[in-house]
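Each of the next two complexes has chain A plus one other chain: chain B in the first, chain C in the second.
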Partner chain A sequence: MNVAVAKTGKGRAVSDLFTSAEGRLPGSPAVIAARREAFETYERLGLPHRRIEEWKYTDLRALVGEVLPLAANPDAAALKRAADAVKAHAIAGARKLVLVDGAFVADLSDVKALASEVGFKTLGDTLAKDAGLLKTASSDAVIALNAAMATDGVVLSIADGTQLSAPIQIIHIATATSASAFTRSQVVIGKGARATIIESFVSAGATAYQINDAVIVSVGDNADVAHIRLMDDAPDAVNITSQFVTVGANTKVNFFNMTTGAAVSRLQGFITLAGEGSELSANGVNLLQKTEHGDTTLVVDHAVPNCVSREIFRAVLDDRAHSVFQGRIIVRPDAQKTDGKMMIRALLLSDEAEAYNKPELEIFADDVSCGHGATAGALDDSLLFYLKARGLPEKQAQALLIQAFVGEAIEQIADDDLREHVIGIAERWLERRQ
Partner chain B sequence: MPAVQETVERVKRIDVDQYRYGFETLIESDKAPKGLSEDTVKFISEKKNEPAWMLQWRLEAYRRWLTMTEPTWARVDYPKIDFQDLYYYSAPKPKKTISSLDEIDPEILKTYEKLGIPLREVAMLEGVEPKPGDQDPARRKIAVDAVFDSVSVATTFQAELKKAGVIFMPISEAIREHPELVQKYLGSVVPTSDNFYATLNSAVFSDGSFVYVPPGVRCPMELSTYFRINERNTGQFERTLIIADKGSYVSYLEGCTAPQRDENQLHAAVVELVTHDDAEIKYSTVQNWYPGNSEGKGGIYNFVTKRGDCRGDRSKISWTQVETGSAITWKYPSCILRGDNSSGEFYSIAISNGYQQVDSGTKMIHLGKNTSSRIISKGIAAGKSQNTYRGLVTAHRKATGARNFTACDSLLIGDKCGAHTVPYIEAKNSSATFEHEATTSKISEDVLFYCVQRGLSQEEAVGLVVNGFVKDVLQQLPMEFAVEAQKLISISLEGSVG
Partner chain C sequence: MTALLEVKDLQVRVEEREILHGLTLTVNEGQVHAIMGPNGSGKSTLSHVIAGKPGYEVTGGQILFKGEDLLEMKPEERAAKGVFLAFQYPVEIPGVATMNFLRTALNAQRKARGESEYSTPDFLKKVREVSKSLNIPQDMLKRGVNVGFSGGEKKRNEVLQMALFEPSLCILDEMDSGLDIDALRIAADGVNALRSPKRAMVVITHYQRLLNYIVPDVVHVMSKGRVVKSGGKELALELEASGYAQFEDAA
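What follows is the complex of A and B.
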């Protein structure tokens, strides 16, 4: 690999990033050694670029250029702003866990209420003992960077058979401008448990910041999980999130991602169906405008027989926005009777918007039924005409059609309240457009 | 699908290494020394009596090739090729000048006989006109430019083509006789710097076909070339260039078989098509090279660059391919839709059995306004093979009204094979409408049950379903090929279905 790239665009040596942050990174000496190793991996690879197939359409060297220095611990004023943001973005009835600029803030979180049902620790607590959480199977540079730099995160364990009485909402708040935050969280859901996890990404007055988040989820047999991610970062922010999900047998997983912010965003999910008889429904909507670049990359790995996966993704692109969807369904040699479907559609509202779709099938078993569909195009003129002929103004007619377009994905959210909440987000985005 | 006993036995009986066309013709040949250097390039150029500009062109390509690295992105796996361990030129030694069919080396004629290709049909070769009222389309005339190893040995129907103004000749002759055309078009679709194998081909290509159809001419017959790799350890570097001038039409057929070998043979061809305003080229391929034996040993490496350039408005290029052979296929016949209202088509059947690896697909690059393209790809994977569709559809900002429809279906036969789909869809224009669908499945139990219930054997039922599966593409083949292709499909899949 090209060693010369180890310098950033501004000529600062990349390793400064680590050395200057090292004092603040939690963990035992063994953990620090693991972090150093991960950072060396990142240094060797540099930021992903278009020559790396997985990042073909999201060239971070061109789009981001360099990784910003670590955000300082939030001060009183920052926490005050964060508290306001929590109020504005908290979902009614949910138990909150708040991370501000990559640091867990107990005062803003509902730790006590949570403790009755869920085992809770911070990443810092966990890393004092071992470095296990920093290890993932991926060789991706941004994931290695996350392992090296993660300052905090939440580590949740939901015991077997627990039926959570309220959803858990993890809120990431950025208050520091031109700084980066690295978080890594883990959620372990026990056998037969039922849980709803919401993740929110918001800005409390910060601009031009960078988020690098990693989430490691494991779902036990017979569990029922809803996982909603709402990414509404500042319009000039960068958000790169990596998720690793392992699913046990006979489970139901309902995942949804909503992107309405950030100049550059990428959600890369690696979902492994490791137990038979499970159902995965993974869906998402990217609403992009101006020069936003939104990337959803999802690898669904059918490792065992008799699983069902359904993916419905929609992207709406205005102005000069770019959307990327890369979906891969892998069916391993023994995963017979797999049923995998993926449907991705991009709606281009402007002549300068660009949509890149790459739906892949990688199939090594014969008794399967797999398929994908992908479309890209503008709004249907005849439908627009129909609505206009009935007296609706152009923008309103468009909004109605766009709502219907994204509705197909939003409908997949199983929880009624959350679905309504997401519909509200889409409506507000459309109102802003008008 | 659980293999029925009957199938298991058939697999044993009819194995892939019982390759029907595995024989070797012993003819003296004229070889370049092993290995690749500027001297090899000069040797080939000299052998061909090429003008200086051509040698210069080759040398430039060679020098560029030295700076390039082999592509590794395709889903194919093979031992590293030692490019210095190959012969880059091999031609049957001319015994005398050939002016008529009778004078052709009988050994070569025998080869064609074994292949069972239309060249064998003496009536056609002798140019016997079909009787009036004879409606059998298989008897329609075909002009065959037979490429035996690397030199075009016989070109038939020259006279009639000449009358129509169509130029159909080995490219080595065209370089000498029509330098202005060759210079203008060669490398204009696939530049010498295009990719590793295309660059290699540019440096060392031995021969191939050249077709020029003048304005307004509908080529009076199907043009056809049968390729055949014969010499041991010889890379075959074909170069084909077809130009359809304004308002013209030509249909070109290409078919291939190769003798059984232990060493892997490299084939890196380049095909360039150019259509001007209102012109149309239909290019059909049946590829049936040696796929390797039942342990995956031997077989042809087929690394081909095929590209068509719809340069003129309302022009059209249509690729149809039936890929059943080769150990490795790496092939993406593409269309650059440059002219307004131009259209591109890609119809493909790719069948892999044994240890074959296929990574094939197409690129549709929409540049002009209201351009349309259609991709129908049918992949059938059996045995221990890997079959990948890899395609790109892209509409550039100015390509308003671009339209694409893609359907790629894969059928899996047996639980040791793999079928993969890797489409890239890039819409850079809001008025572009792209639709893509892909499915992968095995043959439905219900359908089989239905057929068996009506008295078909399991094998017959599968045959029926497979035939139906590929029908959309088979229909696109010229009649002469359709029969042969159907035969090939059944040979390729024999014993693996059940």
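What follows is the complex of A and C.
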């Protein structure tokens, strides 16, 4: 591999990224040392490219080129715009935690209401003591870069037995054009707890920005968790998010991701089922148009016996959009009676759209039930004609069929209100097409 | 009587092969016409071309509907003007609830005609009335369009749409295929209830049996892409006795 990757396409030395940001990165001297080490890893690897197997279909060197400088702390004008964005994107009844250009903003957040039920700190608070949160079991370059550069994030601790009375919504808002935001958050959900976590990514007037987010979630035994991610960044933004989820025993996790923005996006999730008797339902919809590139990469690791995982993902691709879905199900040697199923379908609305579906099963146990399916195709002409013969104009007929197509994934959202919210997002996307 | 549908010297090709070789047919308001003929005579092609299905190339002739050039209209425009094709094999549309489909379609047609859209309560009331008269259970309307419906249920769903959309021309493409006698009777009763002086129907079928239930005013025999004989309802009985062979030679 060429070592010259330490320079970006525009000749800026990569290490400038770190040295110019260093003064703003929170953490004790030990934390700064850990950051420097992570940055060296990133410097050595450079942005992932097509010869790295996991990134074969999302070549960040070709698609993104370089990492933009760190966004400045938001000023008063930026916070004003962010406040408007919060109003527009807040989910009714949810307790908000707002990150603007990678900085936590207490004034826009519901910390006080939250504190009655949830332990809350910022990433900065946590890193003042130790660097533990910067460590993840991954050699991925973008994750290393996140560890080096993360400016802020939320650290939530939901005690055993807590039944949250309201969802928590973490809202990421970009106000700075042509800048990067790095965030890292942690959510610890105790035994027997019940929680709904929503993450939203939006722009408040910013364009051509880059998001690199990491979320570390651990869920205790007998818990019930809904985790919804709504990525609606600006059409020329980049959003790379890495999620690490560890699930205890007899727990239910209902995860959903919706992608309706960003020129280049990737959600890479690493979910480990570490306790027996748990059920994971992981689903998502990517609605992509123009030249958008949307990647969902999910590794579901059945580390113990008797767990169920279900994955339903749908991509709708218009114009010259590209979708990538890489779904790996790992069944460890001890994980007998694993029941893992994955279904990926892509709908191509244009001759120039492309879908890359890559299901992978790695099964090391012998008494399991695992399966996967992947399809890519156009809308069925006979269905379209039937609808048109009943008076529906072309776009409206398409919209009805697209809603049905994505509906199979959206139906998996257990919470009625959130499901309706996501249906609304899909409907608005379809209306914009008409 | 006013001519509703005028098909004049229609020539149609599918993938380089000519299927209709100059077909002429006039259907007046209030009439029920039956089109009979052997497999491959072009009956279904005619129904598809009238509804605007893609894949057919009209190389000659014209189709007028209420005096307007139908071939210039998109399928959805034809529907809004009052053309309804009851499909031989209605498609299943998983994930699209029947109620949502019916409301969307009805309102799309009304909007295209410049009429006000139905409110939800008015729409529900109308659907309930019509579905009751057709013996369509409410739970069928909650399912995906035609998903898991029996052959009879699918045809009843087509008749339900006819009743809701109130078209002026109904084309029934082999409505009897795949139906047992009871299902056929229910569907035919539904169709008969929709007969009116302002509405015409074209019933396409292989068999005379359907015409016992939906009694036509005019019967046409098609063979090799043309109408080779027209007559009254007794022509259907004659065909049942003697078969189509005599007309194959005539064509």
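Throughout what follows, the second predicted complex is superposed on the first by the 433 of 434 C-alpha atoms of A that agree within 3 Å, B and C clash if a C-alpha of one lies under 4 Å from a C-alpha of the other, contacts with A are read in each partner's own complex, and residues count from 1 in each chain.
The rule is simple: a residue touches a chain if its C-beta (ideal position, glycine included) is under 8 Å from a C-beta of that chain, and two chains touch if they have at least 3 such contacts.
All values reported here derive from a predicted model rather than from experimental measurement.
Looking at the shared chain after the overlay, A:Gln336 reaches chain B, while chain C stays out of its contact range.
When both complexes are overlaid on chain A, the residue A:Ala353 reaches chain B alone and has no touch with chain C. Of the two partner chains, chain C is the only one that A:Lys388 touches; chain B does not reach it. With both structures placed on the common chain, the touch criterion links A:Leu361 to chain B but leaves chain C unconnected. More residues of chain A are touched by B (comparison of chain B with chain C). The touching residues of chain C, counted against chain A in their complex, run 51-54, 74-76, 78-80, 85, 87, 90-91, 93-96, 100-101, 104-106, 108-109, 112, 144, 161, 165. Of all residues in chain A, those touching chain C in their complex are 380-383, 385-394, 396-397, 400-401, 403-405, 407-408. Contacts from chain B toward chain A in the complex involve residues 1, 73, 397, 410, 412-442. The touching residues of chain A, counted against chain B in their complex, run 53, 333, 336, 346, 348-378.
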